[in-house]
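Okay, structure first, notes after.
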Amino acid sequence: MSAAERKHEFVDSLRRRQIIDGLSLGKRTDGRGLTDYRELKMEIGAIVKANGSAMVHLGNTIVLVGVKVNLGTPFPDTPDEGILTVNADVLPIASPYEEPGPPDEDTIELARVVDRGIRESHMIDMSKLAIQPGKKVYSVFIDVTVLDVDGNLFDAVSYAAVAALMTTRFKKAVVKGDEVIQSDKMMEMPVKTIPVSITTAKIGSHTILDPDGIEEAVMDARLTTTFDSANRLCATQKGGEGWFTPEEILRQMDIARVKAKEIRSVIKEAVKNAKKS
Amino acid sequence: MTELIDKNNLRVDGRKLDELRPIKMQVGILKNADGSAYIEWGKNKIIAGVYGPKECHPKHMALPDRALLKCRYHMAPFSVDERKSPQPSRREIELSKIIREALSPAILLEEFPRTAIEIYIEVLQSDGGSRVASITAASAALADAGIPMKDLVVGCAVGKIDGKIVADLSDIEDKEGEVDLPVACMPNLNSVTLLQSDGPLSKEEFKKAFKLALDKCRYVYDIQRKALLEGYLAKTKEA
Amino acid sequence: MSAAERKHEFVDSLRRRQIIDGLSLGKRTDGRGLTDYRELKMEIGAIVKANGSAMVHLGNTIVLVGVKVNLGTPFPDTPDEGILTVNADVLPIASPYEEPGPPDEDTIELARVVDRGIRESHMIDMSKLAIQPGKKVYSVFIDVTVLDVDGNLFDAVSYAAVAALMTTRFKKAVVKGDEVIQSDKMMEMPVKTIPVSITTAKIGSHTILDPDGIEEAVMDARLTTTFDSANRLCATQKGGEGWFTPEEILRQMDIARVKAKEIRSVIKEAVKNAKKS
Amino acid sequence: MTELIDKNNLRVDGRKLDELRPIKMQVGILKNADGSAYIEWGKNKIIAGVYGPKECHPKHMALPDRALLKCRYHMAPFSVDERKSPQPSRREIELSKIIREALSPAILLEEFPRTAIEIYIEVLQSDGGSRVASITAASAALADAGIPMKDLVVGCAVGKIDGKIVADLSDIEDKEGEVDLPVACMPNLNSVTLLQSDGPLSKEEFKKAFKLALDKCRYVYDIQRKALLEGYLAKTKEA
Amino acid sequence: MTELIDKNNLRVDGRKLDELRPIKMQVGILKNADGSAYIEWGKNKIIAGVYGPKECHPKHMALPDRALLKCRYHMAPFSVDERKSPQPSRREIELSKIIREALSPAILLEEFPRTAIEIYIEVLQSDGGSRVASITAASAALADAGIPMKDLVVGCAVGKIDGKIVADLSDIEDKEGEVDLPVACMPNLNSVTLLQSDGPLSKEEFKKAFKLALDKCRYVYDIQRKALLEGYLAKTKEA
Amino acid sequence: MSAAERKHEFVDSLRRRQIIDGLSLGKRTDGRGLTDYRELKMEIGAIVKANGSAMVHLGNTIVLVGVKVNLGTPFPDTPDEGILTVNADVLPIASPYEEPGPPDEDTIELARVVDRGIRESHMIDMSKLAIQPGKKVYSVFIDVTVLDVDGNLFDAVSYAAVAALMTTRFKKAVVKGDEVIQSDKMMEMPVKTIPVSITTAKIGSHTILDPDGIEEAVMDARLTTTFDSANRLCATQKGGEGWFTPEEILRQMDIARVKAKEIRSVIKEAVKNAKKS
């Protein structure tokens, strides 16, 4: 049983009823409109030992992403591409339902969905992360640490990972004879597009954006969609033990596509400010 | 880059754009499991088995108001080109969750509080679309086990290759194509229970692909139902 | 506690009494004679992604073995021999007593006994699996997947492994300068003899061959013997919490030696048919 | 070998021999945890959170006469120069124990029999002296959670570099220096709750270093108390 | 290939074909364990300890009609030529099972329902025949713990080297020889409780080897009994 | 919960009271004085398959340490030094509170404290364990097996490890062209000093040396100090859920410094005798 499931038990059906009644009137528990996001704060570059980092507050949800760039050996089937690894850790500190130990299925899904948002949008030009094709490439570790959980980890982590990657700088490696060595020249992550994740929750017959912890505890299903800078859908993940009608999905995609643009501006602005300072 | 669609609009294996690979299904093939199903879909060879409703172990996992649904998707080491370690990979753990959440909406879990229902899926040979084939087989195994459901769940993937929307990607189309979009649904309830996508799609492309997937689910549903009917008749004959 | 032990608990002593009474009259629950095997069906080559494969039905027991041949580095103490690895997985689907997780002691014993049957009969000419002695050899993975358990896994898995190996074909590797590369030429597994496993169960004072699930649940002890094509004993494994008298062991060896010949014919025939098609 | 102390008796980062790196502390920064604290100490960035007293899981671990204290010290993969595997290392396991034993004497565990108190420490960025910074933050988090204590626990490391006793080693001083000597104490109770040392010290050197550590603990204690007061005032304002 | 038998029918270590390596046994050597035994057999140095009958943990493992017997065979990292990882290997897991099944028939488990009896075997130095030496020591440890048994269990391996049947293979004979055949039995009950073999044997060869093994078990049995007697006398003197 | 903690539960406070009353009169349960060690017996070199070994009896506590010297690759930050690894295993045989499985926190602390005593005293000249700097060095495994637990494992294991190292002999490796190979010449471990661990336990207001099992079960805190041959303090570790006053610590250091000399003589004598035979 995952943490998400355990949480379900603790929220009684009365609470769900109250939330649905509010949604019927267009009201959420914290006063937001159905498609409003909570306040999004980004602190970029705080971890100077990482090549890139970003802490994101999305309401009470707090996540920190650090990026490390190492040298590695490419996978045999992609000899001329770098390596990208997303790893997530929801700390036991972050929620009373988390326990120490290896990542559970929720956390693995989180890492993999964020990974696909980055990978399938072709955010990073992976061919530019090859140094010596077939032998040495840059290996990019995107490590996610979730510090406080209050819903919508998918989006918060995605924003932090994207911002961290956009500000990642690392030592350029050069080929010297047979060996690959790190030079003192710095290079930036070769970013091609800015993927933005938008998550919808379905509660009863209502759909809302950016669910908080209580909303997630009573929701039926979740839909996470990621859009690139050209506003194309690049990755989708339905979650939760419920379902969507095809019409709900199409409608939510339209809403998400608009919202993605807004969020992309916020990320761009934060990155710009971080680069200035 | 391989050319995946030729000038006659035919695919590498000779299929038309909206054509599915051959599908064969059979239920009730295992003796121990309470329900089971076997599916061949292209080169996919997948077996699904169900135990339950049964006592929940450990007990503190039991839910007071419904059955606990467990699901494990696992690939045999020899099922893929490069031998796979028998330990479950992160991909298998994610798929186990996604498949459980695709099946869960169909099962009347609240009829069996405090019990567990276990779904085990073993991929003996893997090809493109193994998750939707797994869902289709697992849903049939649940029915074979006599577990009450609102509807069957059935899946089909669609995708984009060489710029075109096509149905049911094979291994090579999945690897070399642009987009994979697996869908599962309860066909009689207008309900989508699994939706994933990988790779860029415009708004119109998504619409077209999504519709194609839902149509093809119907087609797979007929095969699934036929297999269940045959299984039921075979059982009746035995008894 | 192993699955086998747990099973014991569920079969009450009454059931054991009934079975022993039957055996006293020379009758088994499914009507077989004491030294009869259940129907043995072999489907060879179904897994085309493997280099060799065989599915075996022995009564209701169903097992599938896939063989993969890779390139590997030899062990330091056998630099001029290939590597053979047998790995078994009894799926949770296969029995109500199995649970997901790493192999338990029963499954490890199964893999190791099958391994020794193959290795100690010298079935495979390991020296022919060396490519570049001390550096590169063929590494043969024999992966066992048990799909349905109704007793006598040892024999069923052994037959499947042997049939899969006898029909295994893989790309020949060649040494080119300093490197070892796969050529397009196919080679077959260098098979020298056909080991056949015969398993006896002791229930009370009776001994039977090819125990089914219920017989295993009430048995006192098990004796698995493997014979090569020259009918020499190549491997033995006593199992179970009971014992044999020396006389029982000698008598069972004689019976097993005869039965092994019969089964070897069945395997040979199945392999011949598979190679034809 | 780098020279760690220059001719003016100044250290690599310009500090005097007995000078500490800058320390910043804040409590009550997490919503879920019952108590929390954040500390920046040099380049150390550490967060500590506390849950409890709460039900003890599994139950057979509960103690009849006092609360069970659990403590986990963990480093984020990006907290160090070379990426660290997220699995706890042997070092992290030892430190978890040592830190628990440094905090345990201060907590009135016997007031909460059969419950558990959990302390989680996450090092977001690591520098020299992360264990004493962790203890200082964790003790503040315990206080923030309202858990009754005999005294706060506060820590500071001292060491020997280039033959001289100095306070509060930074990363490079720890690596290239001769001795590291972390100490934690309850400053109002004359009680040392953590003491470790690494590297050769004469009798007189130990005495001098130990005394310096205890003095500096007092200094850190004032910072810790101020952070708690600010946290308390902020909470009162909210309420 | 080394020559393992010389023209005088003597083996590498000078033994005759049916001669055993020196064996030394002692019981009651550990303070904590309820029973213990130490055996030196050739270069084998093995210690066996027994706890129980004791409460069964976890409780759901307890058997209603007899004691649960647990057995762990483990090798110290320095016990073999190449350092061994401390994690149990597949070989150690198989041997733990095989040894448990060799001892189980002798123990009156039904006298202690719902309890557990634990046997721990640690190989401090390994040589050929470590499993039969382990069984011999473990059986003595069980007796030393006062656990009621139908008979002692005693083991000895035989084998085939340079084409000849010999008793008690040493390390090098095991490695370079053709066949290893370990046997354990209850000598007074005509009962074989362990039998394994590796390598080709004709019908007549097996007969001869098997008989030799049973004969040599008798010889080992006398050593084992003497050690138990000495241990008993020592205990009596103490008391 | 660690084994040590579980043990606490089983010793009632009455027992603690009795022990403290005894200590007030200068008496310990086994009649020792407060700073007396139990009988220390060392058997050196019993494990001939190891490069060095020592079994130590300290009262009823029995530990065995084996040293193996292999070839290995140095750590990147110490290219011209050998590798030292201390690994401890408290066998399930050794105490009713131990269970099979990976080392718990107590055992990890034990290994790490013994490791630091050796490493921080610079007992071994690590630079002499380099063969080909940056490429090949000696890798020294110090494996600890605890056979019987009756308190003060830290000291017993430390003495065994030190004695095993002092008598370790291994094949000298030589560089031949590009390869490193083992020669037949033997070399000894390059030992520079003899670290001695002295452990104090605090029970109530009393402090004692070399606590036995019962004393450890009721103690408040533990202080382990290690001194080199020049009598400098090289490593310290406070343990246990209690505390020391600064004055207690300074006083214990003085007592320990004296006791370390005594124990060092015992170790030296045992090593000398072992080398003779």
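Going by the order they are written in, the chains are A, B, C, D, E and F; count residues from 1 in each one.
Throughout what follows, contacts are C-beta pairs under 8 Å (C-beta built on N, C-alpha and C of every residue); 3 or more make two chains touch, one makes a residue touch a chain.
Since we're looking at a predicted model, the values are computed, not measured.
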Contact distance in steps, from chain E to chain F: 1
Any chain in contact with chain D as well as chain E: F
Reference chain C; chain at largest CA-centroid distance: D
Pair in C-E, A-B or A-D that repeats E-F, with over half of contact pairs matching by residue number: A-D
Most distant chain from chain F, judged by the mean position of its C-alpha atoms: B
Rotation angle superposing chain A onto its copy chain F by C-alpha atoms, nearest 5 degrees: 120
Length of the line joining the C-alpha centres of chain B and chain C, rounded to whole Å: 32
Computed distance of Cα centres, chain F from chain D, in Å: 27
Separation of mean Cα positions, chain F and chain C [Å, integer]: 48
Junction residues of chain B - those touching two or more other chains: none
Chain contact graph, described as a line, ring, star, complete graph or other shape: ring
Sequence of touching chains round the ring, chain A onward through chain B: A, B, C, E, F, D
Residues of chain B that touch chain A when the two form their complex: 61, 63-64, 68, 90-91, 93-94, 96-98, 101, 104-105, 181, 185-186, 189-203, 206-207, 210, 214
Residue numbers on chain D that touch chain A, as the complex places them: 30-33, 36, 43, 45, 47-49, 51, 54, 72, 74, 76-81, 83, 86-87, 118, 120, 122, 124-126
Residues of chain C touching chain B in the complex: 46-50, 53, 60, 62, 64, 66-68, 70, 87, 89, 91-96, 100, 102, 141, 143, 145, 147-150
Complex contacts: residues of chain A adjacent to chain B: 1-2, 9, 105-106, 108-109, 111-112, 116, 120-122, 221, 223, 228, 230, 232-246, 249-250, 253-254, 257
